[in-house]
Amino acid sequence: MTSTGEAVQFWVLAVIAVGGALGMLLMRKAVHSALCLAATMLSLAVCYLAQGAVFLGVVQIVVYTGAIMMLFLFVVMLVGVSSADSLKEQLKGQRIAAVLCGVGFGVLLIAGLANARLSHFTGLSEANAEGNVQGLAKLIFTKYVWAFEVTGALLITAAIGAMVLTHRERVHERLTQRQLAAQRVKDNIQVPPMPAPGVYARHNAVDIPALLPDGTVAEDSVMGTLRERGQIRDVSQEMLRRMAELEESTADWLGRPSSARPQVAAPRQALETVPTKEEAE
Amino acid sequence: MSYLLSATCAVPAVGAVVTAALPAGTGEARRRTTKAVALAVSVATLGLAAAVAASFEPGGARYQLTESYSWIRSFGIDFALGADGIGTALVLLTAVLVPLVMLAGWHDADPAAAEGSFESKRRTQGFFALILAVEAMVLVSFLATDVFVFYVFFEAMLIPMYFLIGGFGDRAGGPDAARQRSYAAVKFLLYNLLGGLVMLAAVIGLYVVAADQGQATFGLPALTDAISSGKLVIDPTAQRALFLGFFFAFAVKAPMWPLHTWLPNAMGESTAGTAVLITAVVDKVGTFAMLRFCLGLFPDASKTFAPAILVLSLIGIVYGALVAIGQKDIKRLVAYASISHFGFIIMGIFAMTSQGQSGATLYMVNHGISTAAWMLVAGFLISRRGSRLIADYGGVQKVAPVLAGTFLIGGLATLSLPGLAPFVSEFLVLVGTFTRYPVIGVIATFGIVLAALYALMLYQRTMTGPVKESVTGMPDLKARELAVVAPLVALTLLLGVYPQPLTRMVNPAVDDTLSQVHRTDPAPVHPVAANGGEQK
Amino acid sequence: MNPVNYLYLAALLFTIGASGVLIRRNAIVLFMCVELMLNASNLALVTFSRMHGNLDGQILAFFTMVVAAAEVVVGLAIIVSIFRTRHSASVDDSNLMKL
Amino acid sequence: MNSLIPLLVAAPLAGAALLLLGGRALDRFGHWIATALAALSCAFGLVLFFDMLGRDTEHRAVTERLFSWIPVGGFRADVSFQLDQLSIVFVLLITGVGTLIHLYSVGYMAHDERRRRFFAYLNLFLAAMLILVLADNYLLLYVGWEGVGLASYLLIGFWQHKPSAATAAKKAFIVNRVGDMGLSIAIMLMFAEFGSFAFRPVFSAAGDASEGKLTAIALMLLLAACGKSAQVPLQSWLGDAMEGPTPVSALIHAATMVTAGVYLITRSASIFNLAPDAQTAVVVVGAVTLLFGAIVGCAKDDIKKALAGSTMSQIGYMIMAAGLGPIGYAFAIMHLVTHGFFKAGLFLGAGSVMHGMNDEVNMRHYGGLRKYMPWTFATFMAGYLAIIGFPFLSGFFSKDKIIEAALAKGGTEGWILGTCALVGAAVTAFYMTRVVLLTFFGEKRWQPDAEGHRPHPHESPRTMVIPMVVLTFGSLFAGGLFSLGDSFLHFLEPVTGHEEGHAPLSAFAVSAIATVCMAAGVGLAWLKYGRKPVPVQAPRGSLLTRAARRDLLQDDFNHAVLVRPGSALAATLVFFDSKGLDGFVNGLAAAIGGLSGRLRRIQTGYVRTYALSMFGGTLVLVASTLLMRSV
């Protein structure tokens, strides 16, 4: 039996942990999942601490939540923060089968545990008599030294493996600016610099394409990455509308007849924006 | 302990590795080096085989020059080798044929694929290394005196054979030659693997039975001694099952009707040299093993099944010959002729008379030599015209008389003309069968008429008649090709006239086998002294 | 409270993780689910350690963490390199093993 | 002296090997080597013959054992020669006629580019034939037996570029093989019965065996004889064999090889004598073939095929005589020898005619050749008179003896056989007269050949004429010489045995009747072909004539009964093999392939599917573990 404090702590942490786990499972965006998992891990760390595994609890916070989960976040960022799973299941019956299996498995495990009738808990006070860290260290460097060494080798291998996997061999020598310019002239494609993105009085961001004299957008003015992601804020429609309004009000103020008023180019689909993933679904 | 036998087996094995490791390249010089090395290795093996035959004493123990190295001690498996008369004869056959096959296939492995590709770079090395590997494994199979060792090599030789069949076809195939070839290779492999699987079960079963009675060994001499002395008694049902397990594998390999259909495909699609390796060397392991293992290990079951096997082999004789008559493809014809001949060999073994079994052993050797001659000349013919169809030839004897002449000799040997080697063996088989099973012997004799039909019809259609347009200008045999055919023809003649070197070697082993199955030759009804009392 | 509740919690988390592996398609999330399963088993190990009154369970949990770290490093590297070539982190897009 | 016996065989064998392996270097003079070696063999034969004559009757048979050939268990085959009176007769005939025909061929084949090979084959034939007659056991005899078959095959098909020649050669070999099957079964029977197949032990033990076994052996030997000697029902190959060069027809298909069957039966006298049923079969075969061949000979327009029919018929006489038992053996051999002389002479004459007539063989395109080829005409006439049994020529003596022996068989059987023989004699006279009249007499009916060359008949070169002249002497005088004091009979008696038959008619009466029959045949032929011009195109003729032109439908019969069903069977089996046996295996493979094609769909390639199945599997494992524990 444990103290009431621990019981309270447990029930709070358990709710957080399960909530985090479910959140991780159900959140569409990977970033949210990662954050939910971090929450679960932190609550688990506290559980370790509560159970007398001080060292593990700290390691859980420092290594797991601090390092590993950050690695996850890095990769999520690398792959694309906004990328999210589609909700539509492509494999027929996979979701139902998975849920069924999960429920069945859970029931089995819990039933098994209940059946086991575990009531006697020795507690770690004896084992932790010299301190938890000292106790672990004794074991690691005596009884489990071989496994420890092998684990070291494993870690090094994993590190090298990760480097090998992500390393990209440079096939050609890197071209200098000069060479790039020469190549551009030689190919006669876009010899002058690219147009700058639209910087107006009200907008000055790289995700807004510049407008051509007739009010349509110059696609080249936005960087390719944003274009591919479909993260372009096309302001041309709005601009044209405002210009038309301006002309209108100017004409009103000047009292020009409607026939003499200058025509602004009609709003039109100027840019085929790439639909974002959400839109596609 | 002499190391002669292991040396005989090791030289081609090492040679195979060396040949495979020779520097690759597409240049003619590189290729020539490879071929020369491989040929030299095979000739060296021939020399060693000759040494084995020379040091073999016909009157001595059943297994001579024995060697034994412990292999898997917990199962009583030794890498044990030993030469008996039958094995020595077949070792000689193998050692003689392999250099000739290499010489015949001298250009078969020249690159067909685009120059410079990996395939073309390693092709020559691969071809010759595979041949040497097959040779090494076949030699071990003939010399192994341990059931397990035999089994391993019996199965292992499938691998190089598979690549030889599937990777190197003759250049006479149609547009879907590659597909046909891989079909043939896979068929070969599956058939033989199936047989091998059944045999593996039987090998294990044999060990279990033997171990139960305190004979935990795979050593053949030990097992046969225990069986014939009654120390090891396998109960009849188990014995029959084990016999069938062994026999099935050998019957697939031999091949016996109705398990033969892989042979025409394999022989038809591969190069002539490979076809010779299949029919003259590899298949002989099957019939050899029937004689050594089936009879020695399961004497009672052998006797029980002998009539059924004789009937199957009789069907094979007649059936193979009839189907050969109906063939349109030269190589397939030779294959079916071989099936007919294998019928004779199996018949001789299971007639269980000294004539039958000596005849069967001689038959293995003689069939190897004569079919090699026939098939290789057919291969030379096919390589000249680029077609395997009989209908594409005609009047070849006019333009290439030596080729036609040797082809005729091959055909005559196949139809067992007296004076040529196959006659001796075929007649012995027939006589041996007749003395015990007269009706089967008489029906089998029809085979000699059918053999004349297919052999001479093939000769008539390809070699005689007006010269076909496609054949005009066909060159006669070149020096290399003559060097291949001449020894074979000479051996065919020599062994036809004076087979005694072989019979002296084989007879004691056959007598020993017969004593293992407790059979003696049927006595003549009214015996007379041989030679009318003439002094020897 | 009976400490066995920790075990129930571990079982529940493990099950959620396993279901996640089956349901989610994003390879990164899938990995997180695996981590969750490992954590669940760690919790169980720590609880067992307490139950038996010795530290071996914690040692095992410690090793699990180390191996998990190694696994994550390699796994994420694989995901990154797959993403580079296929521009997708969905495990359903890597199905070349289908004939 | 006995060591000469192997040399008899070795000389021509060496010739064959030398000529075949020698290459083009021997093209110019190879034929002379072959001829010289044949002559050498003949000389050895003569030496051995006189050596034999110098010994007592009991010591005349000698055996020369060379080496043990196939020793396996009780099976002991030796290469061992036995020279006795019967063998030496054959040796002299073979080497003598053989040498002459070698000589003849020098001229006949002068313009053939493959002449060297031809002589090699001829030498090979001599060697094989000598092995056949010298063997002291049946297995070695079998070697010679098939060896001559091989030589015959090679020589019939010598002009391989002609499809007809190649087909005829193959046919000859295969029909002979059917006979050979008989011989090999006979050997097996002997081995199973006596444990040996050497002549002397078998003959000495023959008395122990049951009559049934002996009859079986004898019938199998008869089958062999039928094949080799072109007796009904295995006679169909001989007519086609005339596709070979004429010297071949003369040597192999008239004088020597085809008579091997007679040799075999005579040699196996000890067996036949104890198997009366088999003897009856032999006699019936002989009598039927005698008439069969004669009828076929009457209808053929091809000069060689007419002579082939005649050969068949004459061998029928010999077989019949051999079947009569001890009263006939010696006469069979005697007729064999005289026939060897005159039939070889006739064939050489026919070859000479063809040589002069651009290789024309149709007698209806001959006519009036006697002025153009005087030597050929003269020698051919001698042979002609001998074969029809003109009094006091060779055929007269030998054939009359056979007719006498047939009558002496006694009873109805004797009368039937005698009548057959006499009718045969009349028909022989008819067809031979027809041949002579069509060829040498009457008006010229020469036709241009396929290339438009008109024939310019001329006498053949000396190398061809000399052998014909020598053979003429044999045709004229051999019979008389042999009959002089029954010397031939007494010479052979130790081997074949002899019994004096008791003919119901006196020897003189038989001769008289035979002569009358002969005269009737000649007269009939004269009436039909001598008095009025012969049409160039053969008239349609009666039903019998038409049937006889087709060899009395033998080929049609074989074709319908054996060849067509045989090839149909082969085709069926090929189909069965590929669609039945292989179809079963391939079907099995296809079924397994289909099944795994379906099973394969489980493998979606999606990691999550695999994970699901793993998870499901774990579930099942855990569940079953818990269940097992709770139970």
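Remarks
In order of appearance the chains are A, B, C and D, and numbering begins at 1 in each one.
Here, a contact is a pair of C-beta atoms (placed from the backbone, for glycine too) under 8 Å apart; a residue touches a chain by one contact, two chains touch by 3 or more.
Per UniProt, the chains are A = NADH-quinone oxidoreductase subunit J; B = NADH:ubiquinone oxidoreductase subunit M; C = NADH-quinone oxidoreductase subunit K; D = NADH:ubiquinone oxidoreductase subunit L.
Since the structure is predicted, the reported quantities are computational estimates derived from the model, not experimental observations.
Chain centre most remote from that of chain C: D (centre = mean of CA atoms). The chain pair A-D and the chain pair B-D differ in C-beta contact count, and the higher one is B-D.
Ranked by how close its C-alpha mean sits to the mean of all protein C-alpha atoms, the top chain is B. Chain A and chain B have Cα centroids lying 69 Å from one another. Chain A and chain D have CA centres that are 100 Å apart. Distance between chain centres (mean CA atoms), chain B to chain D: 36 Å.
Between the CA-based centres of chain B and chain C the separation comes to 60 Å, rounded to the whole angstrom.
Multi-chain contact residues of chain C, defined as those touching 2 or more other chains: 18, 22, 25, 92. Residues of chain A in contact with two or more other chains: 91, 94, 97-98, 101, 105, 109. For chain D, the set of residues that touch two or more other chains comprises 604, 606, 608, 612, 615. Touching chain pairs in this entry, ordered by label, are A-C, A-D, B-D, C-D.
The touching residues of chain A, counted against chain D in their complex, run 91, 94, 97-98, 101, 104-105, 108-109, 111-112, 115. Residues 600, 603-608, 611-612, 615 of chain D are the ones that touch chain C when the two sit in their complex. Residues 1-2, 4, 6-7, 10, 14, 17-18, 21-22, 24-25, 30, 33-34, 37, 40-41, 44, 47-48, 51-53, 55-56, 59-60, 63-64, 67-68, 71-72, 75-76, 78-80, 83-86, 89-91, 94-95, 97-99, 101-103, 105-106, 109-110, 113, 118-124, 126-128, 132, 135-136, 139-140, 144, 147, 151, 154-155, 157-159, 161-163, 165-166, 168 of chain A touch chain C in their complex. The touching residues of chain C, when paired with chain D in their complex, are 18, 21-22, 25, 91-92, 94-99. Those residues of chain C that touch chain A in the complex are listed here as 1-9, 11-20, 22-26, 28-29, 31-33, 35-36, 39, 42-43, 46-47, 49-56, 58-59, 61-63, 65-74, 76-81, 83-84, 89-90, 92.
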